[in-house]
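The two complexes that follow have chain A in common; it is paired with chain B in the first and with chain C in the second.
Right, the complex of A and B next:
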């Protein structure tokens, strides 16, 4: 059942690869759309049939694979991975939808996108750490090509930088996974088996360090973040949507699943330092965002700041903060996907992302009024305005973390306040004022391009007004991750 | 030796000075401009007809009605009209009132002078007393604040002044369109000459105002006052609406405390000839209301042209505004030719010099206008 989420896109990619090439053919795009739609629909069906009352794995599938190595095809889903799997389905569909119909080498492009979707789904579903690592590494390949071939002027540099950073990330993760298995004497890479092993604290700390730094590169946190702004700036809009919306979440997911999940005792030791790291990363990301003149870089640094909130929540590891971390992943996925999508529309229509050049784009007749309005809504969501998903996520993170780490939480609160600063600076410069004569002749945006953004905004409102629809999937599973970091007994029920 | 031939103008807008001296409009002559100008003036004529009727209706039938809830209904108040009004299926009469108030505020011309005259005030006081003769409260308030109702009466005079002015202009523009359809209008010069001829023909048309209260007629502006169409309403209208105007939020900064608004209203340059078409496209300001009204009455040929240019319907108000500015430069050209102190074909050097001075002084005011832009569009 779950395998379809991995194999359907792979079959789609295979079909695209074998169809004969034809000039100006929309067939690859259509196949990719149908495939991603089916995967998204299948993901929703699984979500509907998922029993939220049960903590633990569901829809488990086990196929013995390389048994002498302890590697098996173990996949299952729980409240931690299910929302992210659905998010991956949605944003991949969005990314393929907004991909240009005139893109060159369409068969390779769309096949890579489906391969990316399959590998990310595989990583979210894998219950074998080595299987996770395989999917985690496979995902790098399509993304590298998507940046290197369809990127901007410095795409080669950005793609190589991404590759090197994520390769190091992968090496650290592999070392930690192998170390855990060998040091614990386990003869399997199965996640549940590794959870029950015991190691000296020094070994735990060493292995946890590899996992934290490995995923810290992926998320990314200061000082491992420098690949992200370059990758975003050079990547095409659909790739940026996926990169910010889903791929960064692989890091935070990994941090919770393999960092907190496998090393709860060591986690509680390093948690204060992680909280400080989160605060520094959040403030640094926000400060850098203020200084940027490229709209994409503003959103990229904003991502660094907002992903740091997840680290704070994970460090606190209270019932509320862990549920909030999951919600923040979904919320940030929707918001960052939306913002990159809209920046892409602005760039497509004006040929620029320079906030010092763009002006007056909210002009209702000759500007991009709908795009501007959606951008303002996206920015409001990112700044955590009540009524939108961003508020729910950040409010719960800060509420859940304050009891454990008040100072880092307050510093992160400053960071979220700065969100309004850098985004309003951008909005004010780009969308208000008098439309310049050079921009007054731009083409209008067709509804097809804006439709995905409208859907994402609607979702942000729905989850903002009815957060329980986000929380219910992961509540039981995040509660199971709780560590004795903070001696607080708060129940999510107290919020209701 | 005394020079008897006029040297070329060295004015920054010398091109337009020379055109006007030759009896040509400031707008470039080409088929595109002629089509746009005539088309927009046709829709403007239709809209002016409605504006004119409403202004005259308010002046005559809503005299000193302090709560004129149904003043835009022209006396026809029923559920259907009310529904259309709320659904905004109506003419934006607010724009006509904005123009009236702008004229009233900027003043100038004989009408402005007459409403301050003892003759007008005397009749106005009689009318006010007749209007409220059975209302002791209002009569008491009138004694306490004697200028309030008097000022309202002056405003009523401007309602009718502008209403009668637009009556003439509406007919003129619709006649222009008929002549274009008949193949008689072929150039921007033909357009200007048509307007000039109509302005001259109606120049001395009297502007009058009377109200009937309690079976008695009050001649607030009698014919004997000598208020005429061209000099007393036409010229102040051009000055107030084409040149000065008022700054609107969304079009220009209106922070008067930061001296962003000139201290003297005579130096205002916010009128139709200066307006930025882009914000007029959508900020809900009075000029936008006019563009919204005109879009409903565009002739087919102009609608087709707008459909295939720019963003089709999406930016139509901007395009209408740009075309409207073209037409307003034709009207301004005709007005200047009508007001020039000496005949344009005079051989007298001093007369030519006087004409040159006259045109250059107007061109001084048009330097920051949209004249260059409309001739590039």
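Right, the complex of A and C next:
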């Protein structure tokens, strides 16, 4: 069942690749839409059939592959990956939906998008660390091309930068995964088997460092973050949506699953430092965001700040904070996807993202009033307005982390306060004020472009008012992350 | 039937939200044929339903005990968060006040916003405002109250920024949001702390927890200060007071609500959290100090304003300062009475000046005059509102003050002085406004000013009558205690006997001073340096905004610029440098591959030489020597 999530988009990509090229053909886009719709629907179907009462892996599939190496096609889903898989389905659908109908080289473009979706789904589902690594690396390729071909002026620079950073991240991860297997003498890369290995603290710390830095580049944390603003600025809108909405979550997901999950003891040693790192990263991202003049950069730096909250929650590793980390991933995925989408509409209509040039876009007759209104809502969700998903996630992160690390938590709260500052400055400059004559000749936005944004806003409200619908999927599994070793001991005791 | 109304009281805020939601088709332009008016009517209807529902529940509730309705909102691990509302006479009374004032303001807005093209959006926001306010009135959980306060902050932002094309509005909306947000974030810190230390977040649970808190006094003080920060922002208290003044750029009907029930909502949350403040004296002291500074400062600043709305908005801050003092002194009943009497009187005053602003197209009082004969109903409303605001028999504030100083509560001497002062300055201010606006010769802008249309006159007159009825209301709700002596001898003799005469005299004196001071209509400034300095100091709000610009704002903006610079040139610069060095090194090294064997041999020789040199330097020479001698031997 789960394999369909990986293979369905691949088949879609293959079909797009083999159909004959035609001028102005909508066929590739339509195929991509159908395919991503099916994947999203299939993801929902799996979510419906997923039993939330049981912690642990479900729908497991096992196909022996390179057995002498210990690499197998092991996929399964649990509460940690399920919401992210559905998020990936939704945002890929959104990204394909908002992709321009006149895009050049459509077959390549949409095939890459589907390939990206397949590899990200694979990474979320993989239960074999080497398999995860493979998917993690495959995902770089389509994204590299998506930035390098359909990007802005400095797309080459940004794409190479992204590629190099992520490649380093991959090498560090691979080193840690291999090190874990070889040092522990386990003859396998299966996640569950690796979980039960025991290593001396020194090697644990070393391996954990590789994983934390590796994923820290992907998420990204200060000082490994500089690829992100460049990549976002140069990437086209749909790519930004996926990059911020889903790909960064690959990093935080990995941090929870392979950092905290595989090295709980070493994690507890470094956790205080991680919490401080989170606070610094959050404040740094927020203050950089204040000074930006490119709307995309503001949102990009805001991502850095908001992803740091997840590090804080992971460092605290209390049942509440881990559940909160998971829902922060979902809510940030929805919010950042929404914001990039709206910035994309502004850019498409005005040809600019400069906050000092744009002005008065709320103008009801010749401006972008609906886009502006949605933007205000998205920004408020990001700033943690109660009633929307962002508040639930952030409140629970702070509530869960305060007991463990009060000072970093309070600093992160200051970071939340700064969110309002930079986003409000942006909104006030871009949307308020009088529309300048140069901007007054905008075509109205058609509803098709705004429809996904409306859906995302509605989802943010639904999850904000009814947070249990977000939490229920992952609570059992995040709780299980905390002390797997302790639980194993407990169950052993009960057996005796 | 009444049971139904009581148990579904949570519907009252929902009516507001439904109203706001239903305006969407008009505000986004889906329906254009009808014009935006139907959206306004729908909202008015929903507010009316809310008012009727509340009234019905209120009249039936009077003698039944308070009850709580709870809805489980979220549970993670051991954390359970519920949204709780409490149905008690005080809460319902507050909700009645909210819905009544919202209803009046919305009817008023029909006239005031008649020609505005986006009236649908305005009513949508008013609906949201009303929902958050009525929710706050009945909320019994700190979390719910926090959420609603934030929604209030958000809708204030949008309402102040309603005419977003004007430059002053842009900054006003931003400042309103950010100032309140500072308070809200501190409040959120307090909530996170409270919740982390194992208490539930309903007000009754907080009260129980505060009786025996597991914290050091120092931590309790910090916690208390964080918790009062939210209300400080919401009630426009020093040092978060400037937004209310700037917010006067927004439409007047929203100003009616903002200056009455919105500020009161902040104070309402404040006094519900009162048990937590009593843990340490620091918090109550802070409340009293903040309240005193604001009461004195805002009363003085109001005197120098020439914008009619700003002159009144500073007086709002001053009265909220009195509420803070009352809470700080643990006198909740007084705080509630103050909120009630102030809200009604202020609503009438704001409706009155709304009519003036609309019909004279200006807010500058130096350009007005002689309106009394042209706008009799508006003049009456202004007089009655002023009478309700100052300590004048037999209006609302008189009874509130009488209750405060009648010896039942402990009244320190300084409080009496403060009350006398506030009363005196408020009287001067209102008299000054009255002289400039209504008396004297008509000016250019006021010469043809007609009386307001009935849509505005109706709520205004209703409000006027309501202000006159406040004493009766107070009597009916048995809020007017009979005289009962305090414990302190001094308090009984001196304060109790002298307080009321002093207050009334101060008011009368204020009126006299207000009538006598020379008021020039043209923007004259005193020639003497000191007088001019004082006038400017007050007119520019003690330069607090400039102080902020040179401290907090400057710091944040410069720090962010420095950070962005570091990010661009140091962090990213290091990355780019590494990349550049690699590329440069690679292209430099490629010249080594020259194909000349001499060069390769030279390289090898240099390499061996360096290696040997290193061994000698580190003293490993002997090891190597011994190794080879063994091999050769």
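In this section, the second predicted complex is superposed on the first by the 482 of 496 C-alpha atoms of A that agree within 3 Å, B and C clash if a C-alpha of one lies under 4 Å from a C-alpha of the other, contacts with A are read in each partner's own complex, and residues count from 1 in each chain.
Throughout what follows, a contact is a pair of C-beta atoms (placed from the backbone, for glycine too) under 8 Å apart; a residue touches a chain by one contact, two chains touch by 3 or more.
Keep in mind that what you see is a predicted model, and the values were worked out from it rather than measured.
Asker: By the touch definition at the top of the document, which applies to A:366: first (chain B), second (chain C), both, or neither?
Answerer: first
Asker: Touch check for A:41: first (chain B), second (chain C), both, or neither?
Answerer: In the superposition, A:41 contacts neither chain B nor chain C.
Asker: For A:21, using the defined touch cut-off, is the partner it touches chain B, chain C, both, or neither? Pick first, second, both or neither.
Answerer: neither
Asker: If we overlay the two complexes on their shared chain A, which of chain B and chain C does A:434 touch? Say first, second, both or neither.
Answerer: both
Asker: Would you check which partner chain A:351 touches, where first means chain B only, second means chain C only, and both and neither mean what they say?
Answerer: Once the two structures are laid over each other on A, A:351 reaches no partner at all.
Asker: Scan A:402 for contacts with chain B and chain C and give back first, second, both or neither.
Answerer: Second partner only, chain C.
Asker: Which touches a greater number of chain A residues, chain B or chain C?
Answerer: C
Asker: Where on chain A do the contacts with chain B and the contacts with chain C coincide?
Answerer: 360, 363-364, 434-435
Asker: Give every residue of chain C touching chain A within the complex, in rising order.
Answerer: Those in contact with chain A are residues 28-29, 73-79, 117-118, 146-148, 150-151, 154, 158, 161, 164-165, 167, 169-171, 173-174, 177-178, 181-182, 185, 188-189, 192-193, 195-196, 556-557, 559-561, 563-564, 567, 571-572, 574-575, 579.
Asker: Give every residue of chain B touching chain A within the complex, in rising order.
Answerer: Residue positions touching the partner: 276, 278-279, 281-282, 310-311, 314-318.
Asker: Show which residues of chain A lie in contact with chain B when the two form their complex.
Answerer: Residue list for chain A touching chain B: 360, 363-366, 434-435, 440-441, 443-444.
Asker: Can you tell me which positions in chain A touch chain C when the two form their complex?
Answerer: Going by the criterion above, the answer is residues 161, 164, 222-223, 225-226, 284, 287-292, 318-320, 323-324, 360, 362-364, 369-370, 373, 376, 380, 383, 385-387, 391-392, 395-396, 398-400, 402-403, 406, 409-410, 413-414, 416-418, 420-421, 424-425, 428, 431-435, 467-468, 471, 475, 479.
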